[in-house]
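Both of the next two complexes hold chain A, though its partner changes from chain B to chain C.
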Partner chain A sequence: MISQLTKTERETALFLTALLTLSGLTLGLLGRNDLLGYHGALLAVAGMSLTFLLIKDYYKPEPDPDNRAKYYDDPIKVGLVLALVWAVIGMIVGDWVAWLLVFPEATFDAGWASFGRLRPVHTSGVIFGFGGNALIATSFHVMQRTSRARLADNISPWVVVVGFNLFCLMAATGYLMGITASKEYAEPEWYADIFLTIIWVVYLVLYLRTLARREEPHIYVANWYYLSFVIVVAMLHILNNLAIPISLGHAKSYSLFSGVQDAMIQWWYGHNAVAFFLTTGFLGMMYYYLPKRAGRPIFSYRLSIISFWGIVFLYMWAGSHHLHYTALPHWVQTLGMTFSIMLLVPSWASAGNALLTLNGAWGKVRDDATLRFMMVAAVFYGLSTFEGSFMAIRPVNSLSHYTDWTVGHVHSGALGWVAMITFGSIYTLTPWIWRKERMYSNKLIELHFWLALVGTMIYVFAMWNSGIIQGLMWRAYNTDGTLAYSFIDSVAAMKPYYVARAIGGLMFLAGAIVCAYNVWKTAKLPTVTEYTPDKPPLPARGRPSAAAQAAE
Partner chain B sequence: MTIDHETLTAFAKTYGLIYMMIVFFGAVVYALWPSNQSKFDRAANSILEQDED
Partner chain C sequence: MSKPVRDPYTGRMTTGHEWNGIIELNTPVPKLVLLFLALTFLSSVIIWLLAPAWPGLNSYTKGILGIDQRTTLEHSLEKSAIKTAQWRTDIETLSFEDISRNSALLATVRDHGERLFEDNCAMCHGPDGKGGDGYPNLVDDQWLWGGDPETIMETLRVGVNSGHDEARISQMMAYGRDGILTLEQRRAVAAFVISLSSSDHTTPEDAETLSLGAEVFEQQCVSCHGPDGRGMQSVGAPNLTDDFWIYGGDITSIDNTLRDGRQGVMPNWDERLSLADRKVLTLYIDDLAQGASQ
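Now for the complex of A and B:
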């Protein structure tokens, strides 16, 4: 990797790793009497290890200038591998917490093993670790190919990949130690938030600079979706995490907002995280890899533009459906509900657009498990958005809220849509960037497909059942007006469903492991094709030698 | 004039709505404009022209 950098780039990289080490040391010193100290140490160790790696290869020969005329795929490879590593970690912890709900006493009396600490390791691990890395890696691929331009420079992709993963690591280790800002999906504390903000700005600037250098006049629609993900996540992240630390030497901070305002900002964030992290980014993936794999252009390009703006405009207002029957003003709840129902239109337009693209290629879908992953993803996208719009209706929400129905909805979106479209894209992308003829084993893709599909079905059906039973038990009254069941009765009734969910989850996890193995073996296959695009991409600035300039 | 909660809500409910509707309809008109069709066809097919496998 380092041998692909020129001398000046190696120097820049060294400067950045020194900066990282220094920031880590400062944070460690400031927070030496607090848990914060550990994260300072983590950053310092990471900075020093990277510095060491750079110094080790510092005097290696400079890269062949011709390489600069090719796409830059190394960061994509690293991002994909990290996505799979986090998928396995995040899902192991997911299944662990699933079993913990079956056997709640299995915490070894240790703080770190309690449900409250492990659960965010699962959610952040899968959403940010798995989903985030997959989005970053595929966006690097899509932005280069659709612009026919190499990434704008060779350092910032690494800043994004390495920095983002350090953030994920701080998040996961922090939860285990008990560090949390207590906002769902935004649990990391102020210093990690500032760190991520810097990384994210680098990501946005890299994206815009690469697009600015494009050879194609029109910006392909997938880029719009990816960009909305990058921009809106920045907005959400900054606003929801505005907080004041109790001191610079403490991890703990307090939100700038309080009461119902705080709740509204949190769920404006939370719902738009669903929208712009778990939806638009992955729609970007779908709009590129699905047509590529099917070998057919998207059914309606116009529809893809209209649904883009529909999704962007409507999602922003839907967050208050998470706060039905709370202190939030009634009209704000109604607003959220109305927009959630309207949201069904662009959501189904996107799902329909994907399925209609496949119309006429059903033979391929039957034979090709990779394409089937994407088709199933589109179906689950349609299902979970329908379900979401339905649950957003206030009286329906009075039944579903606080129950496992929500968890079922989450995972029909997360497993059925987010994970399936990602796996489909990974199987499409892996042979391309590692320059192999095909994946190591198609049988294993087929196996993974069925494990994932059956696992998701078991998970979602178990949660629908348990959620509705819970909801009905909580609202069952005796003739004298007293509650028919105590809360613990409803807990006991959940047990068989929790067992089923944990088994379905185990199958899904097994599938993810099969995928990681398959990708690993593919990377080890002999390289067969050296991919040379018909039109070479616009090379990055910072040519290593005069020879390259002459060739221009 | 004092800028309080009422003022801001009133502003958001009127001008906010109008401006968002204009932008959205602008996007719809752009997407449906007949002469853009050929551009979109080209874009939709452009990703298929480069063959990586």
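Now for the complex of A and C:
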């Protein structure tokens, strides 16, 4: 990988890894009496390891300038592998906490093994580790191909991939040690947040610079979706994490907001994380890999545009539906509810656009498990957005809120939509970037598809049942006005569903492991020299081509 | 930019854009989508007209229905209060004996009492009331503060070491940590305490240890646990001669108790449960204990 960098780039990289080491040492020194010290040490060790790798290959010959005329796929490979590593870690922890709900005593009396610390390792592991890496890797691929241009430079993609994964590592290890900002899906503390902000700005600038190199005057819709993901996540991340650390030597910080304002900012963040991390980014993925795999034109350009603006505009208002029947003023709840209702149509339009794109390719859907992954993802996207809008209606929410129905809804989106579109994209992308004729085994893809689908169905049906039973038990009264059930009665009633959920999750995890194995074996297949599914990057008009630049 | 062409499968024109092989059809937005978009927007506008919705500078639109979640909640609380009013008044005004004789009221006590117990007490005393490590068993005839209904109800009201102004205060001193007793003395008195509750009043310890233990007991323990070790309900000191132990009855557990002391806490419920609810709980606990002793 380092042999693909020029001398100047290697020097820049060395400067950056030295900077990382120095920041790590500073943080470690400041936080030597606190858990913060461990994260300082983590960054310093990471910085030193990378420096060592760079020095080891520093005197290797410079890359062939002709290579600079090609797409830059190395960071994509690394991002994709890391996505799968995080998928397996995040899903193992997920299934672990699922079993922990069946056997709550299985914590070995250890703090790190408690539900409260393991659960964010699962959520961050799958959302940021798996989802985030998959988004970064595929966006690097899509931005180059749809722009017919190489990534704008060779260093910043590595900053994004390495930096983002260091953030994920700080998040996961921090939770186990007990470091948390106590904000759901925004648990990492101030220093990790600042670190991620820097990485994210590099990502945005890289994306915009690469798009600026495109030849096609129009920007393909997938890029619009990816860009909305990058920009809005930056905005959400910064605002929700505004906090004051108790000192520069402590991991702990306190939010700038308090009370109901804090809750509103948190769920504005939380819901838009679902919207712009777990929805628009993956719609970007869908809009590239689905038509490519199906070999069909997008059903309607117009539909994709109104869906995009509908989703981007309407989602922003919907967060308050997480706070129905709380101290949040009624009018804010009404707005959150109504915008959630209006959001349904653009969401369904996106799902419909995807499914109608498959017209003329349904034979392929039948035979090709990869395309079927993407088709099922679009169906689950439609189902879970309908469910989401439905649950945002206040009277419905009074039944569903605080129950497992919410958990079922989230997983119908996360397993059925996000993970399935990602797996479909990974199976499409892997042979392309590793220059292989095909995936190692189509049978294993087929096996993965059924494990994932059946696992998701078991999970979601179990949680629908348990959630609705919980909700009904909590609101059941006797004729004399007393409660029909105590809370612990409702907990005891959940047990069979929790067992089913953990089994469904285990199947989904098994599928992810099959996928990782398949990708690993594919990377080992003989490379095909003549094969390329892509049109090559175009030499840019009015400025020197990438090849010419590199030769300078 | 390439020219728009006709897609042979659908018969639609493409937009003429092309990105690495991806093309788009210029299909108009389906009428159904526009219809549903209009319907959802319309229903939102209707909801905005009916309910509190849009903020202004100093206030917000109140809506035609004039609803607000606060008044809705108050209304539903009032409605539920009417439903429970009859038995609540009866429970509050009648004596424990009268309630016990009224089978309809007793049914409510048993049913509602179980909910109250499971929602408020079970996390410490266990769903069956049998207690656990550090928490007293309620399903026996041994009581720290007394087991008649009036006393149970008072314990519920003020709690134990709860911080309530009238809280019951109970403290087992930290004889080891505070340097009042030596290790030898603690071991001896622990052995003596075990001998009190074992059926034949014997332990593996020798007579010398037991007499030292008895001596320490005489000096340090009788003021709370009584000369015969049967405890004292006025200070919440447990009976040491029975086979129930809150913190464990083996020599190590007793020594831990002697070393670091104990100061168990039970919250006061006067601010969280109504008089009627506390009375129901009292009767429920009384019922549990009697059921067990029969």
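Keep this in mind: the second predicted complex is superposed on the first by the 530 of 552 C-alpha atoms of A that agree within 3 Å, B and C clash if a C-alpha of one lies under 4 Å from a C-alpha of the other, contacts with A are read in each partner's own complex, and residues count from 1 in each chain.
Operating definition for what follows: a residue touches a chain if its C-beta (ideal position, glycine included) is under 8 Å from a C-beta of that chain, and two chains touch if they have at least 3 such contacts.
Here the structure is a predicted model, which means the values were calculated and not measured.
When the shared chain is aligned, chain B and chain C each come close enough to touch A:Y288. Legend: residue contacts after superposition of the two complexes on their common chain; A:W520 is shown touching neither chain B nor chain C. Legend: residue contacts after superposition of the two complexes on their common chain; A:P297 is shown touching both chain B and chain C.
When the two structures are aligned on the shared chain, A:R145 is found in touch with chain B and with chain C. Applying the stated contact rule after C-alpha superposition, one finds that A:W450 touches neither chain B nor chain C. Judged by the touch definition given at the top, the superposed model places A:E216 against both chain B and chain C. In the superposition on chain A, no contact is made by A:F52 with either chain B or chain C. Applying the stated contact rule after C-alpha superposition, one finds that A:F103 touches neither chain B nor chain C. When both complexes are overlaid on chain A, the residue A:W309 reaches chain B alone and has no touch with chain C.
Which of chain B and chain C touches more residues of chain A: that partner is C. On chain A, the surface touched by chain B in one complex and the surface touched by chain C in the other have residues 145-146, 148, 216, 218, 220-221, 288, 291-292, 296-298, 301-302, 306, 310, 534-535 in common. Every residue of chain A that touches chain C in the complex is listed here, in rising order: 145-146, 148, 216-218, 220-221, 288, 291-292, 296-304, 306, 310, 325, 329-331, 333-335, 337-339, 341-342, 344-346, 348-349, 352, 359-360, 477-478, 480-489, 534-535. The touching residues of chain B, when paired with chain A in their complex, are 20, 23-24, 27-28, 30-32, 37, 39-50, 52-53.
Against chain B, the residues of chain A that register as touching in their complex are 145-146, 148, 216, 218, 220-221, 288, 291-292, 295-298, 301-302, 305-306, 308-310, 313, 431-432, 437-438, 531, 533-535. Those residues of chain C that touch chain A in the complex are listed here as 1, 7, 9-10, 14-15, 17-30, 33, 36-37, 40-41, 43-44, 47-48, 51-55, 60-61, 63, 67-70, 80, 83-84, 87, 108, 111-112, 114-115, 117-119, 122, 127.
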